[in-house]
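Both complexes below contain subunit A, partnered by subunit B and then by subunit C.
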Partner chain A sequence: MGDKVRFFGPWQRLTAQLWLLALVALLFADIEVISVDPWAELSRLALGVISPDFFATEFLLSALWQTVNFALLGVAFGIVLGGPLALVYQHPFVAASCAMVRGVHELFWALLFLQIFGLSPLTGILAIGLPYGATFARVFHDILAQSPSTTERGLPFNTDPLSRYVYGRLGHVYPLMLAYIRYRFECALRSSAVLGFIGMPTLGFYLETAFRQGQYSEGAALLMLFILLIGTISLWAKKNLIPVYLLAALWTIPDIGIIDGGLLWRFVFYDLLPPGIQGVIYTQMELSDGLNQFYQWLASITINQALPGVFATVILALSALGLSHLVALIAHLVASQHSGSKYRAVAGQLGLLVLRSIPEYILAFVLMLLIGPSMLPAIIALALHNGALIAFLLVKQEQGITPSATYKKRADFFAYEILTRVYPNLMGLLFYRFEVMLRETAIFGILGVATIGFYIDSAFAEIRYSNALYLLAVTALLNVVIDFSARKLVARQVEDSIAHGRSCIT
Partner chain B sequence: MLRLEALTLSYGDRKVIKDLSLSIEQGEKVAIVGASGVGKSTLLAHIYTQLNSQAAYCAQSQGLVDALSVFHNVYMGALARHHFGYNLLNLIRPQTHRINEVSELCSALLLDVALNKTVSELSGGQRQRVALARALYQQQSTFIGDESFSSLDPVMAQQLIAQVLSRHPTVIMVLHDCQMALNYFDRIVGLQDGEIALDAPSQILQPEHLIAFFDRKVGSVSDNGG
Partner chain C sequence: MLFSRISLLLLSFILVPTVCAQTFTFTAIPDENESQLQTRFNKVARYLEQELGVDVKYVPVKSYAAAVTAFRNNQVQLAWFGGLSGVQARRLVPGSDAIAQGYEDQFFKSFFIAHHSVELVASSNFPNLNGYTFTFGSKGSTSGRLMPQFFIERNIGKQAKEIFSRIGFSGDHSRTIAQVEAGAYQIGAVNYKVWESAVEKGLVDTSKVRVIWETPAYPDYQWTVRHGVEQTFGSGFEAKLKAALLNMKDPELLASFPRLSFVEAENQDYEPIESVAIAIGLLD
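Let's turn to the complex of A and B:
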């Protein structure tokens, strides 16, 4: 007969592709439950959650305070670094360098600086500030590019360039920048907490101790305080108080200690050099022998560590992407004001707050204690955190939507009227978060999942710094490549408006 | 002061102004009239680039910065007069002297809003007066305005135009109000299809002569004249 009517549009196609990818990835993923008795552990954890012990550690307040300190100083350093870089970001060299710096997770930066500065606060501040600075550079540059040029054109002739820039450009977009800094500060609190896992005096340090020793009441108390801290940011992080906090942070941060120049020199110009090259420079090795040794090393580490690590990282991240999509859909339905009673929406939004406040790393750590060291805890942790974050942003977005007069608060009406409106944004956010998921996936290696971070962590542990450096570079490159291709994919599928707004709301 | 010879301006590949010659002397009050899309704004923007540092320009697009306060938006007219350090200081902490100047200017323009209010909270008419205040605050000898009174009621528009005329020896303004052009300006230039179709002293003109240069119907022209 005539032409078949097609209902399979671009969004359906994108969703199907996403799920196909995730399912294929799941085939390769190691998702066994290894723990002997996960239910016993789970019930002990549940018991801990309902009986939190706020007086178990005397360091509770100090841990919270130091968590805020590191986040605050890290973000401040990031702004000082990224602000000026945003002005020259159009230069390909600057953009590429920033992308590489961003591609390495805070925790890896911390592992690197740990070798140089030891447990000095400098390690924590630099580990947060450096990748955040690189992110600020890109986002500020994108935001500045959005500012309209009409004002600049109408300014009096002979206005000096700086005033022209500040009043004509910055004036338009500084609220967007402030909003973004506020959002990044929340992220920095999470990063700061996680840095405790490698020895910084922040919340993660005490969390790890408590959970490893099975003291769930104490661990639950720490987590609850952390969620409260993040949930009430708008109440305690007032604009006027920021300088006071910054001064207090500088005052109360642990002593920086002495930086050993000789050690720094040795680390950069000896330890980081790969085998072969090191020999040629320092031990009169023949150039051909050196190159040969270097090649052997490069081939071995690439085949035995970098490639399997990258493969596992991508597999894990793709599986998590599919599950995040599912979690985002369900969480959005539960927490939406358009789908159920007001009380359910409030309860749902509270749940979203809890899930998005806990860093993926800590979620995965706890899940791993429960169900054993496979990829499963990591996948679930990523999906819960990112799905909840996306649902939270969607709930915020849909406040502007007024449903039709015949609307009923039911899942079917919801799917027709609300979901269809926010779906492009959901997909945009999901693909944007993929970059973040990939970064987080890598650090799960420190927890024992065989992603590339596992090999990096081992290299540091074995004091093979050249191996660590090479694997870090591979991680950075992987992130840059994925970021670039995800951006291309999203730019093709998602309308411009969403792609533009993305940098500001995520 | 201004001399344009055989000027042609294009917008994309469409010629907006064709072979136009116009000269304006210091002290003249010139109204430019014409139906919409005839090239008035393009011509005006070009005149501004010619006169640059002698003229204040109040564009139709206003160029207000929504996130900044009324004070800051007006103060932007004075950016060229001050050192950048002083401009930055005023951004963070407006100086009393400047606040007084801006406040005086705003009350002269019947703009009765708090100076620390952000421009995004203002109505269309208020925004237009902020843009006007910014142009006046440039304190130039020549004022170039592009329909600067379009969203104001006629009574207020007349008071404001008096302010503009008293503060600037030379005024070049695009207008969409026939009676205002005849009453307040010495010379009227009418554009049609990118060319000058009328250039005459306003004393010798009657509203009927200007009908072709406005979008409205005949009736409304005489209504305004009444």
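Let's turn to the complex of A and C:
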């Protein structure tokens, strides 16, 4: 490695590149601030926040409970799926398939499963479990790769492969994996709530309605409960209680109902077929006419929806990436125990909890009233959410850092001693979160920002499933391309950053 | 160990037998105030149970598209659809019938509302909307999207995306009002009933946002019953259902929709909606 210490080292270079990329993206982004008078609506919102109504929501306890149920069962399904896949993740086909599955937002998985299972809980559990499984596969694989091989080499020659794996490999990284599962459980609670937006009986069902219809007292109460639920995970989600919760979840989840194989068949072999192809198979359309119609459809949807959608999505996500970096740095400084008084750190950490718990959808909704319907509310919402999440993980990580004896709680000391130690993790996390940001742009599509999510949402609203499928496939492919190039970029810059980032996530 | 425990749990969960009696299931999304849906519509379910003599269940859904899907998949057999979603549903399940509509739905209309900074005066002539920013309601809404877009494109003779400098889909009528009132969009299209009740309740500052145009009348919400209910629930069921809906007089039940009463309707009433949807490219 480098024998010379340069002032402009690899981390500075990576940071500069990140900012250059974000600034270029901002040039193309629609960030117009539309001058408005939002105060009437905002005062109604503020009034709601100071007078939360905890009795406005019907079946509130059930909604809270189901939010936990869906998260638990989704994560459990994800582990069952991702655990074995992690062992074969080095195969490019597995890695690419997982990246494709991860690239599609839970909401869109749910919209797909909705066509087959209806409002059965299977829709929600699969919508969480499938992309989470693909994520577990990748992260478990990376964690396993970090486990030292010394123990395995020391095992007796005739040890069976299973014991070899369990004692030699898993034993080393089991706590890391468990910690990662715990972190993903928090994410799953958010996902579970968000699935309420499309009809699952979780908190989001009522939260979305309340904000959409301006019932802010009800919305504020729900949001507070949700933040409380996430903030107290460590109190109620005890390791030994998890099997009890799982059993309870199986008992209390709504009825699955009858699964109709005919619906699956019709959805896959009829609904999803693009125009033209459908005509050739099911009506007496000539093959050449069918192909012609198919080509017209493909050209039109590619030029009018897929390409502009992908462009807006990438621009939005890149701009948010740069801003997230800034938010993470500032939020980390504010909430770190090494930078200010204890009270400030506690207040800062509370702020991080609120920012990372509020669904981006709600953040963007409020920002849209403030600064108008451009891409800017979405960029800021993504940056606040992800920046706060990264800062939260950094604050957790640096609990293990003991500063030198001469350390003072000042910005310069902080930058020199603390930030330098967590910076690789910050960058690793940021690049890891980029994939998440890309996926989350879907939510803003539903709010009206013309990302590819906007067109997918329209396709579902217009009951044009072949359009939805094509656009989802484009989204998934985009994620594969970005996943591979981001890994290349970071790995070339700083060889061990991915490993660092990964251990920080845990 | 952990893995096997969880997979066992999951397996048992998939194999749990489910019992399903012949329950008549319906869904409804009111055009305003979606709070306490289950509580309110359970009362409608009890009423129908009494009138029909079968078990009746209400299923809440979040969007018109979800309602159409549930209808198509026979997860609901009756739905309170918007004009457009009803047409979509009846195209997907041929033989299904619109059997009743709200009294107001015989001559429904949309309002175009504008922020006070917009220099357009209220008139019965179609306003010159060129160059403004504009928001529709939800993408699948008849009064918030379909009819407004149709009248705009027919009157101006261009596609909506060529007329406006920015187009949004607020997702809901009350949000359309909030966004135009806040000036986030200059002009918006909104369900007239939602606007009138917002003004009545003092939820909108009429010095900030006002009505500048109203559309001609068109048919909107209706009850649609799924093809095949007669086989499941006995012949004459559809007629019985229709009578039950038309005889719903309890103001508390009617307030859930909210409608004055229900009157007769048939599929033909919605032909204009279908041709409009085809004209603007929402249906093939």
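Here, the second predicted complex is superposed on the first by the 431 of 506 C-alpha atoms of A that agree within 3 Å, B and C clash if a C-alpha of one lies under 4 Å from a C-alpha of the other, contacts with A are read in each partner's own complex, and residues count from 1 in each chain.
Simple rule for what comes next: a contact is a pair of C-beta atoms (placed from the backbone, for glycine too) under 8 Å apart; a residue touches a chain by one contact, two chains touch by 3 or more.
These figures come from a predicted structure and were not determined experimentally.
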Inquiry  = Between subunit B and subunit C, whom does A:59 touch in the aligned arrangement: first, second, both, or neither?
reply    = second
Request  = With the two complexes superposed on chain A, say which partner A:213 touches: subunit B (first), subunit C (second), both, or neither.
outcome  = second
Task = Determine, under the contact definition given at the top, whether A:368 touches first (subunit B), second (subunit C), both, or neither.
result = second
Task = Determine, under the contact definition given at the top, whether A:393 touches first (subunit B), second (subunit C), both, or neither.
result = neither
Inquiry  = Applying the document's definition of touch, where does A:115 land relative to subunit B and subunit C: first, second, both, or neither?
reply    = second
Inquiry  = Going by the contact rule stated at the top, is it subunit B or subunit C that touches a larger number of residues on subunit A?
reply    = C
Message = Looking at A:462 after the superposition, I want to know if it touches subunit B, subunit C, both of them or none. Which is it: first, second, both, neither?
response = second
Query = What is the contact status of A:175 with respect to subunit B (first) and subunit C (second): first, second, both, or neither?
reply = first
Ask   = Can A:198 be said to touch subunit B (first), subunit C (second), both, or neither?
value = second
Ask   = subunit C touches which residues of subunit A in the complex?
value = 34-38, 40-41, 44, 56-59, 73, 76-77, 79-80, 83, 114-115, 118-119, 197-199, 205, 208-210, 212-215, 218, 243, 246-247, 250, 253, 255-258, 260, 263, 275, 368-369, 372-373, 446-448, 457-458, 460-463
Key: subunit A to subunit B touching residues, read off their complex   = 148, 150-160, 162-164, 166-168, 171-175
Key: subunit C to subunit A touching residues, read off their complex   = 2-3, 5-7, 9-10, 12-13, 16, 18, 20, 32-39, 59-66, 68-70, 73, 75, 88, 92, 133, 135, 138-140, 166, 168-172, 174-175, 178-179, 181-185, 203, 205, 208, 282, 284
Request  = Under the touch definition given earlier, write down the residues of subunit B that touch subunit A in their complex.
outcome  = 52-53, 56-59, 61-68, 72, 76-84, 87-88, 91, 138
